[in-house]
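One structure follows; several queries about it will come next.
By letter and in written order, the chains are A, B, C and D; residue numbering begins at 1 in each of them.
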Amino acid sequence: MIDLVEQFMAEIEPYVIEQRRKRHGYPEIGFAEYVTTYELSEQLTGKGFSLFYGTELLTSEERMGVPSDEFLKTNEQRALDKGVPPAFLEKMKGGHTGLAAVLDTGRSGPNFAYRFDIDALPIEESDVAEHVPAQQAFRSQITGMMHACGHDGHAAIGLGLVDYLSKNKDRLCGKYTILFQPAEEGGRGAKAIVDKGWLDDADFFLSGHVGLHDLPAGTVAAATSRFLASSKINATFIGKSAHSGLEPNEGRNALLAAASATVHLHSISRHKDGATRINVGTLHAGSGRNIIAEKAFMEIETRGETNQLDEYMQQNAQRILQASASLYDVELELEYVGKAISTSADLKFAGIVERACASSKNLKIVPDLAIGASEDVTYMIERVRERGGLATFMIFASPLPAGHHHPRFDYDEQALMAGLETLIRTTEYLLKEDGICESLVD
Amino acid sequence: MIDLVEQFMAEIEPYVIEQRRKRHGYPEIGFAEYVTTYELSEQLTGKGFSLFYGTELLTSEERMGVPSDEFLKTNEQRALDKGVPPAFLEKMKGGHTGLAAVLDTGRSGPNFAYRFDIDALPIEESDVAEHVPAQQAFRSQITGMMHACGHDGHAAIGLGLVDYLSKNKDRLCGKYTILFQPAEEGGRGAKAIVDKGWLDDADFFLSGHVGLHDLPAGTVAAATSRFLASSKINATFIGKSAHSGLEPNEGRNALLAAASATVHLHSISRHKDGATRINVGTLHAGSGRNIIAEKAFMEIETRGETNQLDEYMQQNAQRILQASASLYDVELELEYVGKAISTSADLKFAGIVERACASSKNLKIVPDLAIGASEDVTYMIERVRERGGLATFMIFASPLPAGHHHPRFDYDEQALMAGLETLIRTTEYLLKEDGICESLVD
Amino acid sequence: MIDLVEQFMAEIEPYVIEQRRKRHGYPEIGFAEYVTTYELSEQLTGKGFSLFYGTELLTSEERMGVPSDEFLKTNEQRALDKGVPPAFLEKMKGGHTGLAAVLDTGRSGPNFAYRFDIDALPIEESDVAEHVPAQQAFRSQITGMMHACGHDGHAAIGLGLVDYLSKNKDRLCGKYTILFQPAEEGGRGAKAIVDKGWLDDADFFLSGHVGLHDLPAGTVAAATSRFLASSKINATFIGKSAHSGLEPNEGRNALLAAASATVHLHSISRHKDGATRINVGTLHAGSGRNIIAEKAFMEIETRGETNQLDEYMQQNAQRILQASASLYDVELELEYVGKAISTSADLKFAGIVERACASSKNLKIVPDLAIGASEDVTYMIERVRERGGLATFMIFASPLPAGHHHPRFDYDEQALMAGLETLIRTTEYLLKEDGICESLVD
Amino acid sequence: MIDLVEQFMAEIEPYVIEQRRKRHGYPEIGFAEYVTTYELSEQLTGKGFSLFYGTELLTSEERMGVPSDEFLKTNEQRALDKGVPPAFLEKMKGGHTGLAAVLDTGRSGPNFAYRFDIDALPIEESDVAEHVPAQQAFRSQITGMMHACGHDGHAAIGLGLVDYLSKNKDRLCGKYTILFQPAEEGGRGAKAIVDKGWLDDADFFLSGHVGLHDLPAGTVAAATSRFLASSKINATFIGKSAHSGLEPNEGRNALLAAASATVHLHSISRHKDGATRINVGTLHAGSGRNIIAEKAFMEIETRGETNQLDEYMQQNAQRILQASASLYDVELELEYVGKAISTSADLKFAGIVERACASSKNLKIVPDLAIGASEDVTYMIERVRERGGLATFMIFASPLPAGHHHPRFDYDEQALMAGLETLIRTTEYLLKEDGICESLVD
């Protein structure tokens, strides 16, 4: 078997890198991955997978933080312009992006599920010479959007895995579900997929993230602990506009309320029980220089090492937002637009992955690395576990020239190869381990 | 003469109101009044005036707070779509809007200059039933833009005056310069016109504003005092983005710096010497919820009852902005984008206008009302006065359902008629007073 | 008569200056003027006046902002140590300081009332060489206390007036009430005197303040306008202490609530109708460096050019204090401890004082100067006027090396002489004006 | 030996409890433990120990955060009144409190050092009925001071240990140094003892803290990890006073600068590398309600899980304080008044203590508990380790009705007995382990 995998890895490398760069050049943010979804579907064609998308993939109401109609429409138009067929687009309209690809071998065996997230971020990508995507001409083509968290690579790993499964489908048993998830950023997409039942019968759930730890490519954590729980809140302050010179006292200043809330949100006390986070990521307020601002809009997120710690942050944030409205006598509207829970991967995977990859020359498996961030994959992990399956979230480490969400974020593409190889070897190992799969030919 | 004016006022009323409503329906903000300028020029055609626009009107570099190229281009395209001839547009490109119309009678006599500002505001106009423009179907056709300060009416008064002067040109002497000024909001346009020399030989300078005091239409202040001096500042904070969950300490938070600056700007101490104002009108910061904000942009204005008081506010503002950058270890860029100085109209006009309008049945002249706001007409007044001329800024009071810069701002159109009548009668009076104008036929 | 007054002024000067310096050296703050009251009573002995003090002077419950029992007891003990007789002290105990001195001539005539405030401030007096009280060795003997508002001089003028009335009592008619008021600072004493009825039958009420305008000594304003209305608020935030290292989240931080309230109170919007003021004068919070502060105490004052403007400030302050408590989940206790209303002196005095002082070589009378500050004398002025009397508050201007309430505050003692002369001449003029007083010998 | 220790514990219990309660009733804060030091010396008399105090114990200049002369003098006078002999006091004057007691057996053997801190906190102790010290009449007799961190018990354990060593001195070998340290709160005393060389030749260093973990008494951690590094900063803002009504703009507001600094200090970003803390524990500002505050004083501390993290907090704090001064144009003075470094106890003690106490019926030894707080014992641990010794800091857990530094802080006195027993048994074990001590009789 080792030969098989090694050989496959050598063959597939150019394809994985090409697909990663293609995705990198066309970043789309959560629930607007229209082109991304379509182009992934094109790669999947003819490989023996059944494809599901639109409301087949997602429960519409369980999506969180869906962008405005106007934004979606602009992106839908762009997708048409970019060549997405109208019929394909029709099923995705209104922010129903992402794709499930299912390979059923017809032979009894375990159900595997894999998850790859595909969305980008509203960051303007750097164009300095040292930035590899700029240097090698696969930088973002869309102003203000960037794959600054590595999901371009996740999609590419997914395509590599599809190729492997396709090529080996005659010797495999069981069922293989590949989930290309939209809107991971902000914790907005996973719950809608879980709700649709896609994880209900998974025996093994494998997922992972590139980067996160600045270690040589090839280093892979078999599991991860310390997902931060996270809540996403939109706050809108609504006051009253007035001429700021003629009658300043007649206004009720929404911008000031938002400014004050921002400062106070960042001063929520540390908690003795562990790490917490708060961020006011965006603030937009006011309509003109000499007008008391009537409206202010903020995007906020809280995080905590445990669900309790996130709850602590969220409750404090809510009280502070309310009090800040009261400071300036303005109204407050709160909307909860995303959530990730805290969990840990099954630590059993430490041994499984280590044994599975023992013979690889490329991989250095470590049992567990901390993620220290939030991921809505936690909804999937929890569901799999509830139903008796085993779930892990791996880390495919890479040297990092700049942190995640930074305009110069980038990673060593060998980390993608390491991720793909680890997924393949772990899958093979699980199949062989107890002789589940009679058809399996070594 | 009285008969002449009374008769003219009755005839012109429908035209003035029609023009005001036309302008109201198509609001354009400062230096983007492309359609406005062109449509005014159309009204001026065939009336015996020479027209000057583009860099004939304005010194390009003396304009302040010119919008971004992108914004101007969008508006230029819209102007073309709306029927502005390419050749006309060409001269205005890059934010050279506004118009001077000159009538030279060829007979020796005084030089009169009149100023009417024509720009609108970035405010979304109300559509409630009580709001007259909504009710009578002349509400703004442009989303997010509104004539919420009465400049629509100023343009209409200007057109009425042009009509009067045109119709009477054979009995008048001297020279008449009508300035349709762009970009009064923010104090951005007047200085560039003054710099071009348009006020250098004015013997009499007449201007005014509708509204401001909630008094019955027909009440007109012959002069105004207490213009607030004002400075317009754009502040940009530049920090460093980072993933707010993974490495919050790696970011330098521009949004927090702006928020903190906002709160502190509003807490600059009152001054014993008189009224001061500060407003952070807009704040835009951040690119994503889970990204430490790299950039924040604020539009700020200060005001003071005297130039010294505005200077006090501005210096404090500058120190606070710098210190706020330092609080969060971010960079600050400051740009000064508008300025109005403090002045008063010549109080001699109290008697002149009173006597000029004594016989009118419609007007109630009061000597002087406080404006309590900023106006860049002050640059014009100062220039006229330096060169030995007399200058006034009148107030054409009106009942006000809501304050200036409010989404339901509106006024009684009879206030426009009162304004026009006052300007005409004062002009006639000044001509006759010392028998300057031999040709004048009563 | 002129000779009489001039001669008296020359004779009394050393006494007035000596008394001013004596008072300057022994400053006592509001409701703790135990030694001051007693030493004034000593000066009044044997001059034909009846003395009233303790609850004869003040309605106990109408006093505002009475210091703590502990503070009063310390000061009462000091008064005993300083030689105040126990029986005299007994009547003043618990903060019943101040004195009324009444001279009844027995002859029918008008009732005159005069008011002199006598309290000092909790400021450490400067000891630099340029500071005259330091240079000439009459600097405050009490650490942390200082006559930094001129009330030392007011008391001295009052004693000079007593002397004049006493020496002339056989030629005068009517009744003369001299009120030495405690606790003017913070607007805490006047209302309690008014409530006791001392102003109910005054035909003429004369009062004034040294300094305020930096003009040559001898300049006297016959009346003053623009008293600021003012409210004094004490705010206490009560949270919960906790170890700041071990369990920071368990505390509720009263210090942070107070800090935040402070910043926001200073950012209440300016008001279009006129001048407003806010000050958080003191803030004391916390019990130890590594303890989350359980308690924070603030002394706040608001002011407004009109009662409405002060009300605007006060209501905003109240909302902000409440919201700040809510920001940090702490409790708030508010106490209203002082108030001054807005009023103006009777402008009729402009003419009266001018005529009264026309023959003086020392005085330059101006009709009216703005005070721009708060004074609880306004309660007295309002009461006199309600009952049909005439009331004024004069300004005895002086060059000022430093502002009021500054550690180097001082004034030209000739301003006291100007004040005394103006009071005497105005009194004589009012008596003579309509021949009210038959006994009056010129 | 077991019998010996068990028997000793039973006999000494009443004495330890009596001494704890005596100390509880007379709390003195850091560098003012005059009575405490003297009363401890009385208990040590006649037990064969040499006593060292004053500058024999401490390097004067290495003490941090010494209270004001005035405060020390008041406490010195109280000590005299309370019966401390003048000659004893003389050596302690100026804040040279604490005591070293040395027992030299004269037989070769290891050097043991033990540290017990003795200072209290400026907290007003609760008097509610449930609070045991109130109930059982040993509550603090000093208003505003309280042993709210358990150092009363530490002193009592120290006395119990002295008694044990004294009674067994004929069978022991080596040297025993008992350090009663002043001013642990704020990290102000340990460095001055270390500097004097008291830890330079210690082979074994044993210390510990009562409470910290709410576990049954008898639970003892053999070592502790995660001491937070900590810095203590005093900040003084100096502005300019002015009358807040007459000329608010003339002041420079130190109170506002401190308030703003407070809010911003609490908003320093969390750090990815671990726990951090910040606290503004006290803030005192301003001299009067209607005076712009000239001066504000704050006591601040930062903490970090590592020295680097504390450094991060301290550098941010410093920048924020400086920027806050700049916000309000005031001056800043910073003083560094205390510091504790981060370290961990030697984990070898886990096995040592476990074995040493295996036979005890009262003790449940756990290897290591996190402290999560700061302790200047870290200076001692580091010094011992530099010189090749072994050092530990134990935790003597106890049920806690309220957290440390809370007005109702208390603990189970059996935790003191557990602490004492652990120290004795560990000492005996270390002596016997390698047969170091020939004289040792079991």
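Basically, contacts are C-beta pairs under 8 Å (C-beta built on N, C-alpha and C of every residue); 3 or more make two chains touch, one makes a residue touch a chain.
Everything quoted here is computed from the prediction, not taken from an experiment.
Which chain lies the greatest distance away from subunit C when centres are computed from Cα atoms alone?
Of all chains, A has its centre farthest from that of subunit C.
Count the C-beta pairs in contact for A-B and for A-D, then report the pair with the higher count.
Ranking A-B and A-D by C-beta contacts puts A-B first.
In whole angstrom, what separates the CA-based centres of subunit A and subunit C?
It comes to 69 Å between the two C-alpha centres.
How many angstrom between the C-alpha centroids of subunit D and subunit A?
48
Can you list the residues of subunit C that touch 2 or more other chains?
246-248, 250, 253, 256, 260, 263-264, 266-267, 269-270, 272, 277, 372
Which of the residues in subunit C come into contact with subunit B in the complex?
263-264, 266-267, 269-270, 272, 275-277, 372
Under the touch definition given earlier, write down the residues of subunit A that touch subunit B in their complex.
Residues 121-124, 144, 185-186, 212, 228, 230, 232, 241-248, 250, 253, 255-256, 258-260, 262-263, 266, 277, 279-293, 296, 299-301, 303, 338, 372-374, 403-407.
Can you list the residues on subunit B that touch subunit D in the complex?
For subunit B paired with subunit D, touching residues are 246-251, 253, 256, 260, 264, 267, 269-273, 312, 319-320, 322-324, 326-327, 329.
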